[in-house]
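In the part that follows, the structures are each spelled out as structure tokens.
Two complexes are shown next, each including subunit A; its partner changes from subunit B in the first to subunit C in the second.
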Partner chain A sequence: MKRIRISRCAQQLLAQPSPRRPLCPCATVLQRNITPHNHRIQARFQTTAAIQNNEDLEIEIEEPSASEAIESTSRSSAPQRRRRMRLENLPSPHPSAASHSAKLSALRARLSLHQRFPLQTLARTLVHPSADPDPAFNNASLSILGANLLGYYTTEYLMCNYPRLPMSVIFAAQYAYVGPKALATVASEWGIEAAAEPGGEVDPGLLQFKRIKSGDDVPPALRRQAPWKWNVTTTHKIVATDEFGSNNAPPGPHSLSATAVPMEEAAQSFVRALIGALHLHLGSPLVKRFFRDHFLSRHLDISTLFDFRTPTRDLSRLCAREGFEAPVARLISETGRLSRHPVFVVGVYSGKDKLGEGAGSSLNEARVRAAAAALKAWYLYRPIEVTVPSSMEGELDTSKWKPNMVDCGEVIV
Partner chain B sequence: MSTCKPLARICIRNRQPSFLPLPQRRHESTTRRHKKLLNLPAAPSYTPDRSQPTLIFNPPSSAPSVYHTPLKFLPKDDRRRQLYAAFQTAATQTAHRTASPAVAAPGTPLSAPSFLPPRPSAGLPPPVRIPYDKKYHLTDADIVEIQRLRREDPERWTRVRLAEKFGCSQFFVGLVAKNEGKAERVESEHERSRARWGVRRRTAREDRGRRRELWGRDA
Partner chain C sequence: MPLSAIRTVAKPQNGVGAFILQCRKLEFHYCDWAGSSRGMNAFIKSSLPSFAKRNPQIEISVSPRPRRHPVIRAHYINGNQRAICVRNLTNEGVREKAELLRDASGEKNKRVNKPVTSINESVRGIWSPFHGAKIQI
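On to the complex of A and B.
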């Protein structure tokens, strides 16, 4: 059977290659190592592997004036206006390298982003402040914007769809949807790889951040800290700290410029910065669709986030507050009462209505579980029609708006 | 017939003594009777009344999902209230219309409650604990009396005895007449007996506490 030459078969679809691409630092290395037209050899290259000294590995930059201090090494009194500078001296890849990076183009295509979204911005979202302290080249500002957008969209989704959720459950659900661990998982699912060491010669499609050396401890800003006082109230958590109800406010992205950070921190800053950049370049409708596809589509069973300490007492308080009859636990069915493994099925009734049902190996266990189920059924109420506030942004016609339900709050015993 | 034994064992007799003459009841002593006994009618969803292929939905019995809000918890203006009410009336009518099979007629062994699904009825299942109403019947003089008794002789007038005497809960006695010295003594006594526990008993108690915490967490 005749082999199809892969290099030929799709060539008409590809863009015409530019004659010389001196800015791609890896091109010479790749061409040196690959046998031409032999596609069976699958060579893997580490982008951060040592690249030999070439004339191609230099870039022409403008000589910085005395006021701006991008590079300390380039501040020599060179007589010429433009001079060639080594890529290794840059803290992060030059923006012009973004348009030649295969990884960035692949990432943009993988996320189904519009062609209008520039690769240079995508490359900038991948630069953590620990790699490049210059705020004009790292993703700190974009990640602040993106964090606020993510928090806003998640909160409005949760509060409009589950209007009765207790605050602690909202915090936990926020953390599960857009918390640091969730964002790092999302980034790894998108196929984001990290550079071993940030630098100007690295492929801009890699996540750039200063890694923690093996054996070193996490920087103190990212470590869990003792709360500023021990009775931190829910109001303080809502007002003063982040959207996940932490005891302390998290470190700002700009403050991490000098420290080495774990991969999770860098990955979450990338995802947030990408959201912020999408908002700036493509507008909020597209960001909302992106958020729905990539974050709300992740399954979260909110009923597992509850932790009741005294469910029976909470339920009787709830019934008294809402004017229902006092809850009564009733034994629906049982088996093996005198055996080693009995099962009791107990329902909690208020008047003639069953509120919840639970099974347990003792009457007490079944009763408590039934009360917890009834409380969950109260808190997990979901209205049928929901219009989130962000869906009416910039619309003049407000006839589609339906006011959302606002509950009077959780049960406080 | 070893298979007869468990069935015979789960046959529940009437708990209440009755003065009516006992009806004659035969035991399932043969295989044939046993088979007939186990020959329960199929679930209604398996016997469609139409000839066209239909969807058979017969999930195993399980606790209702917590995402299905009970009727009582729905707000006043929710559309599901009418839907639930309509379903409730339709289901009750269907259940009352369906005749019970002849094999399960009263007097046969199948009429024993353990063999049949519960019939729809207006009666609710029995309560786990006896329901009570709060009475709020104690006056200030009673409370002073409780405090005096508890102060003078805490060994004699424990919380249990005071609650029995005054017809209130033990919690209320502890609320109005707290005796710190007695509580400390009892606690130290418990601590001493707990110190004698071995490894197995201690771990078993700790595990029980840990399982107890999981009750409210649905795990």
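On to the complex of A and C.
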């Protein structure tokens, strides 16, 4: 049996409600200052300002004119013409919208950024060049600055704390801390949401970029490219490409304007641009603290990054170079040599010093593991007291500076 | 090349350096007419401004949901949502539920039966039967 709604049942007892919708345009004027009695007509209370009428969707901009240069002398004192422009016609949100965005101020509080950091700049860091090609409104320049700062702080941390790391491991560690994938993960952990489509009417707290349509290819600049030469040297990787030892240089932020990009690319550019903007607005001490809190605090076990090919040969070269006695592998203990799963524990000794130890199911495996352990022990040396170069920036008192150890480099076979 | 390296991504440890609150957004839905949302309406009128001021990292939206029970829906950084129906609760009860949602991590509830979970390796090392005083070859 169908029930009658209670709200309807007693309706005849209530006073006649005011008409829900104005019937004629004249009635609109009369209706405006009357509070609606019907419970279905309710004012919306939101932290994000609700759009009330079409006037809010427009914004006044100064109209640029081509003949301005010629006429500038004649009408220099004349007031500039202003034109009303619809927000949908803007490629990215107007900077004035940033101060009303709940998402932006929530993001600023979530990252514990200082109140001095303006929301307008935070909104600009969220605009990828693919959404807005105008360099005055997108994050391309900020992201270049931020990428350099991130690279600088990570490199100095790694090179001062692990002075003996081989170059390829430094590259991999850089990649793990501030590589493209790491930055995209960081952005998603900060709760960055992407706008479905960039535009002037979109909330400025959303990441603005032009999405790749489903079925379309990744733009050629972001595709994997053949290296420029068949033998790419380490020097070339250091000098000519990015800080992660890639074979090719990555596309510059300005070159990606007006091409559709994947979300990871836009998220990385946001994180880099945020670092750049923080540097400009709050200064380097706060950026260093931000970097330490959000990037260096991430967990990375550098000893798992090594991938040795011939550790025994490397170790004997290392011992020859450093003037140690030649390494000798000796069996420390074993069990079940004739069984299905034997275990051998082998140590690598140089004279009377044990350099490393490893366990394996064959004598050779154990010996190789022991040599790898010895090499890791050498490469992962950490000085106890370290002063990074950036900590002395702008300091006149040089007595606090302790010179860092510079190693002669990895073993070359 | 005698040595190559493996590319990985460093793992996040929320709270070790910076702490990011996992609740991203709270939506408060109320009804002006129904009696079940009397407490919710009182909460929105009296306590919500101070709640929002105390938790600036959460985006808060308030919207009507006519002729339905009042609901608080939370959105988390990992993409999950969690909703609690706060019908017939008082102002205090609604505040408690809002704080419960704010403090949740957004993960599904899991049974924790190990005293310590860590990604760091043990300081004492793993016990080995081959390293002791009695071993003789």
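Criterion: the second predicted complex is superposed on the first by the 345 of 413 C-alpha atoms of A that agree within 3 Å, B and C clash if a C-alpha of one lies under 4 Å from a C-alpha of the other, contacts with A are read in each partner's own complex, and residues count from 1 in each chain.
The working rule: contacts are C-beta pairs under 8 Å (C-beta built on N, C-alpha and C of every residue); 3 or more make two chains touch, one makes a residue touch a chain.
Worth saying up front: this structure is predicted, and the values here are computed from it rather than measured.
Asker: On the A-aligned overlay, A:331 touches which partner chain: subunit B = first, subunit C = second, or both, or neither?
Answerer: both
Asker: Figure out whether A:309 sits in contact with subunit B (first) or subunit C (second), or with both, or with neither.
Answerer: Both partners, subunit B and subunit C.
Asker: Touch check for A:114: first (subunit B), second (subunit C), both, or neither?
Answerer: After superposition on chain A, A:114 lies in contact with neither partner.
Asker: Applying the touch criterion given at the start, work out whether A:84 contacts subunit B, subunit C, both or neither, answering first, second, both or neither.
Answerer: neither
Asker: If we overlay the two complexes on their shared chain A, which of subunit B and subunit C does A:102 touch? Say first, second, both or neither.
Answerer: second
Asker: Thinking of the overlay built on chain A, is A:376 touched by subunit B (first), by subunit C (second), by both, or by neither?
Answerer: After superposition on chain A, A:376 lies in contact with subunit B alone.
Asker: Quick one: classify A:359 as touching subunit B (first), subunit C (second), both or neither.
Answerer: Both partners, subunit B and subunit C.
Asker: Please name the chain, subunit B or subunit C, that touches the greater number of residues in subunit A.
Answerer: C
Asker: Report for A:411: first if it touches subunit B alone, second if subunit C alone, otherwise both or neither.
Answerer: A:411 contacts subunit C only, not subunit B.
Asker: In the superposed arrangement, which partner chain does A:402 touch: subunit B (first), subunit C (second), both, or neither?
Answerer: A:402 sits against neither subunit B nor subunit C.
Asker: State which residues of subunit A lie in both footprints, the one left by subunit B and the one left by subunit C.
Answerer: The overlap between the subunit B and subunit C interfaces on subunit A comprises residues 304, 306-310, 331-333, 345, 359.
Asker: Applying the document's contact rule, which stretches of subunit A touch subunit C when the two form their complex?
Answerer: It comes out as residues 7, 39-40, 42, 44-48, 102-103, 105-106, 109-112, 166, 168-169, 171-173, 175-177, 179, 181-182, 185-186, 188-191, 205, 290, 292-301, 304-310, 313-314, 331-335, 343, 345, 359, 410-413.
Asker: Where on subunit C does subunit A make contact in their complex?
Answerer: Answer in residue numbers: 1-14, 16-18, 20-21, 24-25, 32-33, 44, 52, 56-64, 66-67, 77, 119-121, 128-131, 135, 137.
Asker: In the complex, go through subunit A and note every residue touching subunit B.
Answerer: 303-304, 306-311, 324, 326, 328-333, 345-347, 349-360, 363, 365-369, 372-374, 376-378, 380-384, 405
Asker: Inside the complex, what are the residues of subunit B that reach subunit A?
Answerer: Contacts found on subunit B: 63-64, 66-75, 78-80, 118, 124-129, 131, 215-218.
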